[in-house]
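Shared between the two complexes below is subunit A, which pairs with subunit B and subunit C, respectively.
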Partner chain A sequence: MGLLDKQFNNSNVILTSVEDLLKWARLSSLFQMQFGLACCAIEMMAASASNFDIMRFGVIPRATPRQTDLMIVAGTVTLKMATRIKRLYDQMSEPRYVISMGSCSNCGGPYWEHGYHVLKGVDRVIPVDVYVPGCPPRPEALLEGIIKLQEKIRNETLVKKSAYA
Partner chain B sequence: MTPQEILDQLRANFGEAILESKLDAPQPWISVAPNRTKDICFFLRDTASLQFDYLMCLSSVDNKDKQLSVVYHVWSTTQKHKIVLKAFCPRDNAHIQSVSSVWGTADWHEREAFDMMGIVFDEHPDLRRILCPDDYPGNPLRKDFKVPEFYQGIKVPY
Partner chain C sequence: MLTDFGRVLVFFIIGAIFVAGGFVMSWIIRPRRGYPNKLTSYECGEEPIGSSWIKFNIRFYVVALIFLVFDVEVVFLFPWAVVFQKLGMFAFLEMLVFLAILLIGYAYVWAKGDLDWDKPKPQIPVLRPRMKDTLAEKEHSGELVA
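Presenting the complex of A and B:
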């Protein structure tokens, strides 16, 4: 990642730019909003448990949107929930990131045609940074999504958030 | 008790309110007047020889052009017999008497039927939508339901 490349040997001095330091801090402590919507949430829980241990990437569940950087939309988003997801996203402080996990929140999944109550993709209400395909995705796939998001943050600049680029 | 004996007992007590029956069906059913369901169900529950103390399921059916109906599957845990009741009501003025005072189970089941089919259960203590949002347009399980184009500014169809 480049942050530690410029260290002097045998000292506590590290040379880096403010930008690199901020990005390193952001991508290493992606606090996640603690909520799940359907069966994808079970896989998300498996990813949090010891076999996959999502915390080694700095992803820690927090129970309030004010303390979170990352929203993992894990499961079917109903129309009733869509309005609440929008509100939760609005309550998160910036910079904020969204991972859409599973077919349902990507595009409506199996409910795309006859789901009278299902939102056909969470990107209709909030901007999504990373889409994780699968029904449901395995925990490895979610970890891949986290790593992709970290890559994305690493390539941001302070001036412009790459998520909207 | 056999379904025929149950039907005879209902006929003797409610006469006009017992409309049709089909006792040779796999699940014998009796159709009753929609504005008398509460009395009939209290009778089924409290009569010593019947003792229908358990409402197994309350479902609503859209019979397409004709009518809406509510189907009650009831079971007696003491007498070990069961019967199916049906109540029909017109599509445009769907009113059926609530049986939630007879079996507590009926409370949420009737709310679901109200939500999905738009059947109004008279005398229900708390008739609100149970699954769809309160401002959702229409009753989604009716055969003539059309998915709304937008819900609160969100596009609904794929």
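Presenting the complex of A and C:
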């Protein structure tokens, strides 16, 4: 856990490193690119709604890739959509993260063998950070994916790796 | 001490610093890795057509001007509505006169036709087979008969 996530009751001063602060800011304001591809998007909408309330993790849907750093690929990625997904991913601001939600975007799902029009996993066009299994995954599963991604961000380092380190 | 408008000024200054500070801070810490695909304009994931700098039609100018007038009207309406209870009937009539003047202006603009969106009328070229007609006329009059 990061230092800033700990509760402090009677002290007004906390000490942390710049890296921890930046990572904390990053992981607690994951702005999500607002688009859905198939039935997983329905579960994603349910996760945004009041019962599951994805916003308590700082995930806010934004309508343009310039303001977002999280792409939730929710649904079947057809070959026609794959080029669009790649372009949208390119247009997102860095650092950017991708959650692949559901079997279809993980590996092709029910279309893995005979789907002539389906990309067999979105990781063939863009790098994926977290895979959420399910067909479709329940909103809790998506929330767990978000938490996993936050853990991943918390554990990454912003320091440039050098050969001597 | 600060006057009431002085406090508003302080708010303006703090707001400006807040916005500028956000820009400067993000300029300092953001990664700068631009490449052509990233810098293309966003058109819902489609291949962008042309540049994102486009010219708007000059006809929007009139619409924008009228919008501005009625925007200012609303700005006047809000403080009026806040103190309406105190001011009473005189303020009510005064505001009616103000609205009437604006509405007359609106009617004038409407009547002058500034709100009409006149589309360009393309001149469709009409092909008139003049040559054939004249030939037919000549034939009819018997000039061409050998």
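The definition used in the following text is that the second predicted complex is superposed on the first by the 149 of 165 C-alpha atoms of A that agree within 3 Å, B and C clash if a C-alpha of one lies under 4 Å from a C-alpha of the other, contacts with A are read in each partner's own complex, and residues count from 1 in each chain.
Keep in mind that, in the parts below, a contact is a pair of C-beta atoms (placed from the backbone, for glycine too) under 8 Å apart; a residue touches a chain by one contact, two chains touch by 3 or more.
On a predicted model such as this, the values are computed, not experimentally measured, just so you know.
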Mind checking subunit B and subunit C on superposed subunit A, clash or fit?
-> fit
Who does A:119 touch here: subunit B (first), subunit C (second), both, or neither?
-> first
Please work out whether A:108 is in contact with subunit B alone, subunit C alone, both, or neither, and reply first, second, both or neither.
-> first
Hey, in the superposed model, what angle do you get at subunit A between subunit B and subunit C, Cα centres, nearest 10 degrees?
-> 70
Once the shared chain is lined up, is A:80 touching subunit B (first), subunit C (second), both, or neither of them?
-> first
Compute the least Cα distance separating subunit B from subunit C in the superposition and give it as a whole number of Å.
-> 12
Contacts on subunit A seen with subunit B and repeated with subunit C across the two complexes | none
Subunit A residues touching subunit B - in the complex, by the definition given at the top = 79-80, 82-83, 107-108, 112-113, 116-117, 119-120, 124-125
Interface residues, subunit C side, partner subunit A - complex = 29-31, 33, 35, 37-38, 40, 42, 45-47
Residues of subunit B touching subunit A in their complex?
-> 131-133, 136, 140, 145, 147, 151-152, 154-158
Show which residues of subunit A lie in contact with subunit C when the two form their complex.
-> 22, 64-66, 84-85, 87-88, 90-91, 93-95
